[in-house]
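Several structures are given next for inspection.
Paired with subunit B in one complex and with subunit C in the other, subunit A is shared by the two complexes that follow.
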Partner chain A sequence: MIEIHKEENFFVVLSQRLDAMNADDAKETVTQELVDIDRNIVIDVSGLEYISSAGLQVVLKCAKLAQESHKECFLKGAHGTVKEIFQVSGFLTFLKEME
Partner chain B sequence: MTFRAIEEVDRYLDTFCTKHTLNDDLCYRVRLVTEELVTNIFKYTEAQTFDLTVRCLEDIEIDLAYLSNSFDLTVRKPEQKDLADIKEGGLGLFLVESMTKTFSYRHHNGKSIYKLTV
Partner chain C sequence: MLKLIIPSYKKFLPLLNSFINVSSEVFDVRQIQDKIELCAEEAFIYLLRNSYRDEEGDIEISIEVNERYFILSFIDSGLPIEIAFPQTAAEGIQSIDTQTLELLLIKKFSHMAEWINHGKAGREFKLYFELPQQAIYTLTEIEESEHFEVSADDIEIKPFEKRWATEISQIIYKAYGYSYPNEDLYFPERIIALNESGQLVSVVAYDTKRDRIAGHYALERESLGSVAEIGQAVVVPSYRGLGLMKKIRKKTQEIGKELGLEGIMSKPVTVHLFSQKTNEVLGAVPVGMGFGVSPVKKFKKIEADSSQRGSCMYYYLPLKNRKRVLWVPQRHKQVIESIYTDLKLDYALKEEDDRPRENGTVQSAYSPDFEVGSIYVTAIGEDNIRYIKEAFFNLLFRMKAEVVLLYIVMEDFNIETLISQVEDEKFFFSAILPSFVEGKDVLVYEFLPKDIDESKVEIYADRAKELVHYVSNEKRKAV
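Now for the complex of A and B:
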């Protein structure tokens, strides 16, 4: 599941499962909502229980959209095996972790 | 077809994990590597069906076979240097290799056969 909140940053809240079954819809949502943004993106995965490579594509899209707008993309709340997925995939080399 | 296959795999693995009381981390790994391979089979091959066997021994052993030519899905992802260089797709097999203890492929009697241990 995905929710996007516009506050001091854009908060992209990912929860439950993000996999091949729902990643295309989530990617479409971020593509529509995060174009020409004027603030940074924080991807909150504290409620995310499972992410696969399809789900990582959604995160990658967020990072690319931030980069295109010369903004930064942060990752918040990664834990357990979900965090390991971000580590082994190399995503923590371009996503800054936020407490 | 892909979504239905993944749903069926999920149900099968849920039952398997419960039956063998696997912890959450191990169950995640088994689910992830299986889902990634099944997704790639339907995305990149002509196969319409596959055979999946999962065994709980010293490790979790996963066998996945499907009718095919000798196309091997186990191509490594190029090293990522920069965000702009990361192409969409291609991460799945990298995750499979990263999250398994062993990962092998062979082609025999018109079937592609993957053997993984987690």
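Now for the complex of A and C:
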């Protein structure tokens, strides 16, 4: 569901489903692991099959943490309906897409 | 109808998901299953948070499918709440409203949402999802499987009669699914009302032997102006090969003449050549190109590009001639004169460089069906550009128009300065339309926020190709 790796960027890897059932846990993981943000954050959704507004709030939290630390937040691998959800909700106005 | 009753706790969400997924399979709507599942979760969570506020109660979920929609309904008897959908998506991280994110997604991914109060029986939140195109297509094929020998002798081309309104809706539905942008055509009572007011002039091919409609064409005159738009062309598949399209259109043009119209314009699509060819054969003249002026929709049974907005040629058939005095911008003089020559309309050019009056007239309108904003400059004045910018901002950022069209009258005053100003604002020359706005000839300019991939544009006639090339160059300079 969520994994966070610290490499040249922070990689937040979201996979399978991110919905109202698991979003709170994912948010908790973000709070615990995304600390001392000294590099950009890349949210990799290439393995994400479903996201709802509850899941979007996890992404929003990552973006806000990046912004507070004056870093960039990128979205990687969005496709199909998942991408459409990011688009229509206005999230692509502040997340930068990367290949 | 399928029903599920679950308690108002989040832990029951997986049960709701299973219900949705199994129902999607049963009703064969797997193509839109992800959207239904998303909206179901959003509606359920929204009701838990706002209607029950962590209190216990039951939510009844029902599913039914009719010819057009997959309908998902939530009935609850929690706290009375009012549902107000957000008008627009957020722009920027600070404007994300997490309290209305669920409703925003429901608004974007369902076709329609209703909030019905049943009094003591609770409230119903009803979501409609349009059935996938494939399902409509299959339905049509079953209905059209009937075969009979048709003969042109059985067909009469006739003006509209009330009794045909439902059949007109049905044949439009069969031809276009629900992709035809003007939704009036799906409501027989609207077809009747519009024909009675003269805003629509329907002409049908009527099969006298079988008492049924074989085809339809219509003139659209929303403001009852001196130019009508011709369209809504359909020939029922069983009647193809009889040349009906041409016959109905010819009759429609004759009726236009009888009505005293100055001309008829049409906007044939550029995803195929057939409609353009019909225009050419019946004497209409290409007068411009509209990039991205049609919404993103699939044309049923026509190989179309659904990844971007559709483009149309502008064709014009003059029905009357009058002497007009025109101010045309020097930079487009050559192309404008060649269009007038093709149209065989009398004109004289004026070139005096007088100062225009201080105050002009600018109006604007937005068409949600087409997602197109229109700005009309009907009197030239020094303040035009200020009002154009104001209208442009409103259409683009408040109404979220995908394209903005700007119509500038050429029969009022010198427009050289105004043209420079609008081209500085990234509008580009798109067409000319004689007698189109308040009976005056206009220049049509276009603002296109997202460029169009022109490799998918197909153009039939050579003179049309030259014009498209010209407009395309203008677009390139602006976009």
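One rule holds in what follows: the second predicted complex is superposed on the first by the 99 of 99 C-alpha atoms of A that agree within 3 Å, B and C clash if a C-alpha of one lies under 4 Å from a C-alpha of the other, contacts with A are read in each partner's own complex, and residues count from 1 in each chain.
The rule is simple: a contact is a pair of C-beta atoms (placed from the backbone, for glycine too) under 8 Å apart; a residue touches a chain by one contact, two chains touch by 3 or more.
This structure is a prediction, so every number in the text was calculated from the model and none was measured.
Novice: Consider subunit A as the common anchor and indicate whether subunit B and subunit C clash or fit when overlaid.
Specialist: When both complexes are placed onto subunit A, subunit B and subunit C end up clashing with one another.
Novice: If we overlay the two complexes on their shared chain A, which of subunit B and subunit C does A:64 touch? Say first, second, both or neither.
Specialist: both
Novice: Using the superposition on chain A described above, determine whether A:89 touches subunit B (first), subunit C (second), both, or neither.
Specialist: In the superposition, A:89 contacts both subunit B and subunit C.
Novice: After fitting the two complexes on their shared chain A, where does subunit C collide with subunit B, if the options are 111-119, 237-245, 327-335 or 345-353?
Specialist: 111-119
Novice: Please report the subunit A residues shared by its interface with subunit B and its interface with subunit C.
Specialist: Dual-contact residues (subunit A): 19-21, 50, 52-54, 56-57, 60, 63-64, 67, 80-81, 85, 88-90, 93-94.
Novice: In the complex, go through subunit B and note every residue touching subunit A.
Specialist: Those residues of subunit B that touch subunit A are 2-3, 6-7, 24-25, 28-29, 31-32, 35-36, 39, 80, 83-84, 86, 88-89, 91-92, 94-95, 98-99.
Novice: Which residues of subunit A touch subunit C in the complex?
Specialist: That would be residues 19-21, 50, 52-54, 56-57, 60, 63-64, 67, 80-81, 85, 88-91, 93-94 of subunit A.
Novice: Applying the document's contact rule, which stretches of subunit C touch subunit A when the two form their complex?
Specialist: 10-11, 13-14, 34-35, 37-38, 41-42, 45, 89-93, 95-96, 98, 101-102, 104-105, 108-109
Novice: Please name which positions on subunit A make contact with subunit B in the complex.
Specialist: 19-21, 50, 52-54, 56-57, 60-61, 63-64, 67, 80-81, 85, 88-90, 93-94
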